[in-house]
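Can you keep this structure in mind? I'll have questions shortly.
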Amino acid sequence: MYLRQIWTIAAKDLRSEIRTKEALNASLAFSVVILVMFSFAFDPTSEQMTTFSGGLLWMSYSFAGALVLNRSFARELQNDCLDALVSSPAPSSAVFLGKALANYAILLVVELLSLGVFAIFYDVRLSGKLGYVALVIVLATWGMTVIGTMFSALTVNLHMRELMLPVLLYPFLIPALMAAMLLTTELLSGVPIAKNMIWMQLLIAFDVLYTALAVVCIDVVLVG
Amino acid sequence: MRQNILYLLAAAVVGLLIWNMNTIAGLPAQVENVGAYKIIYFHVPAALAAFTGFYVALFSSLIYLKTGNLKYDAFAAAVTEVGLAFATANILSGMIWGRFAWGIWWTWDARLTSMLVCLLMYYGYVMMRQAIVDPSQRARLSAVLSILGSAGVAFVYQSIAWYRTQHPSPVLGFRGGGGMSPGLEPPIYWNYLVFLCLGAILASVRMRQGEFATEIDSLRRQAHSH
Amino acid sequence: MPQALDIEGVYKYFGDFPALRDVSFSVSAGSVVALLGRNGAGKTTLLRILAGLSKPSQGSVKINGSVAREEKTRRGIGILGHSISIYDELSAHENLAVFGNLYGMSDVNKRADQMLERVGLGRVRDGLAREFSRGMRQRLAIARAFLHEPELLLLDEPFTSLDDRAIAVLQSMLQEMRESGKTIIMSTHQIREAMELATDVVFIQRGQVAFKGPRPPEMASDSGWLYRTYGDQ
């Protein structure tokens, strides 16, 4: 039952997103723009490029991701759908997890596509490293999704919503982004993953702790 | 009653501070060739007081969620803001020391950076409170943010500490430091106590202001409902 | 046999301001309650508490004997607010299916089709809600509220913005619900429409119950009677 409710919400959000492609298009375009702008900030052909490749990739992911996350609960404001969701028998945590899963799927698609653009623009060789890079993306993106969806719920009724979300979001994301940046850079420079297991553990702990906190706290946020 | 406690606390702050400053002034001028080291007597207690504030705020937020009594929310908010003030004092004193010791105003050293990130996190808390009109909704949402924030503090600290650091290694005895000569450490704790008292005074004044604001909001709603 | 609705000593504060003060009344199954009062009197606040969208600061709300915010209680509640709570990017049928699944219904597709026929949207079942006219969207919203056959239906200003056809649909469905012994609570300014259905009246004034009881006979012909007799201004 709980799973069915989660899946219903996730499927509903994904279906609306696939029909309009609003968040998808905007965030993909934005992430490409960021990747282009970075080429002016650094010399994109230099040997040193690999030392900040991870940072560059995750900057573009986190900026583009905020566009997707911002819309998550705001989507429910139209016609006051949020009231109908919250008063339905679905527990708040099911609403939250459903929306988080939909965001996760959208973010992963955007990230996968911009990873390709990134590899081409900055001549990054991914072959042989893709497995661990994908693992880092999967873990760090879940952390980003959980916190972003939670803040989207927190700010949904505030009129300064669009301004509030980034200010709240990024400081909280710093530990996860830092780990993701460091791991990506190291992996792309050919350092074996075993040397940086501690950062993998940090990512996992981050995901687990914030998922738990969000699931516990979300009812207080949604029910006044 | 409340007024008298405040005066008493203020007297304690002044007294302790004068006595402690006297001790600090009497300490040797140079330690380990690092100039202006005495700023540590304000730098470290400010950090300790800031974190005390953030975690007291967490505790108070949890009590609010349990009881629904807005006083605990007002207290959490006041203590968080005071914590922010101490965090700022910590960063500024760290910058001043860095200028003397290393010749630069800012360095991306672990603990300075952590404090800055925490400052930004709780700045979001203050900003969010200002954006919410209904006091009960504000209390609820900021209590949740306080819970997320205190988990954030732990993560920020651990992760940035693993990043390379140029901060002087821990000096305080209880953190396994012991880098200070005997007799140099106690004034830090005395100043911590001074800051806690000062924080209590500031929080109390801020709380009073918050209570007035809630009352005004309620009167305004009453006026509109007629 | 517990009452359909039992409200006891409910207070709701926004900050220090009491939006509801010591509200107590109970409703037996099969009643239609008109919740009357001026704007800002606390009607919507009370309905939101009954719907589980908000928690009372004090006091208790029992629906068929169980606490308002519990999952199984919510399964038996239908709500229709001022806004329609319909997803514009989904089709009429998908909209109903989403809610059917959230309510854990077993025959979602069949029931959704039935409801669409009932409100006259059977022919446009796969049309996107965005492309519907205002009246069609309202009828879809009505279908959504009745989809899971609620035991208790909460209506917030149901007649204010509906077009004629939607009002006709809503009234016939309310009538049917009433005949099958379900309970209805509606807040409204439109006393005349409400009086056609209401068996009971609760009049709220500045967060307090000023009158409660069976519909006074005077109200049938004189819609201002209640306000003049029990209102204080």
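Note that the chains take the letters A, B and C in the order they are written out, and that residue 1 is the start of every chain.
The rule is short, and it goes like this: contacts are C-beta pairs under 8 Å (C-beta built on N, C-alpha and C of every residue); 3 or more make two chains touch, one makes a residue touch a chain.
On a predicted model such as this, the values are computed, not experimentally measured, just so you know.
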Check your understanding: Line, ring, star, complete or other: which describes how these chains touch one another?
Key -> complete
Review point. Using the mean of all protein Cα atoms as the middle point, what chain has its own Cα mean nearest that point?
Key: A
**Study point:** Distance-maximising chain from chain B - centres being C-alpha averages
**Key:** C
Practice item. Select, from B-C and A-B, the pair of chains that is joined by more C-beta pairs in contact. Key: A-B
Study note, to complete from the structure: Rounded to the nearest Å, the gap between Cα centres of chain A and chain C is 38
Practice item. Round to the nearest whole Å and give the separation of the Cα centres of chain B and chain C. Key: 49
**Study point:** Centre distance in Å when chain A and chain B are each reduced to the mean of their C-alpha atoms
**Key:** 31
Study note, to complete from the structure: Residues of chain C that touch at least two other chains are none
Practice item. Please list all residues of chain B that touch 2 or more other chains. Key: 136-137
Revision key, fill the gap. Chain A touches at least 2 other chains through residues 224
Review point. Which chain A residues qualify as touching chain C in the complex?
Key: 1, 4-5, 8-9, 12, 15-16, 19-20, 78-81, 83-91, 223-224
Study note, to complete from the structure: Residue positions on chain B within touch of chain C in the complex are 68, 70, 134-137, 214-215, 217-218, 221-222, 224-226
Exercise for review: Flag every residue of chain B that touches chain A in the complex, lowest number first.
Suggested key: 65, 117-118, 120-121, 123-124, 127-128, 131-132, 136-137, 140-141, 143-145, 147-149, 151-152, 155-156, 158-160, 162-163
Point to revise | Partner chain B, residues of chain C touching it in the complex | key: 13-17, 40-41, 57, 206-207
**Study point:** chain C - residues contacting chain A, complex
**Key:** 48, 51-55, 69, 71-72, 74-75, 77, 79, 81-90, 94, 98-99, 101-104, 128, 144
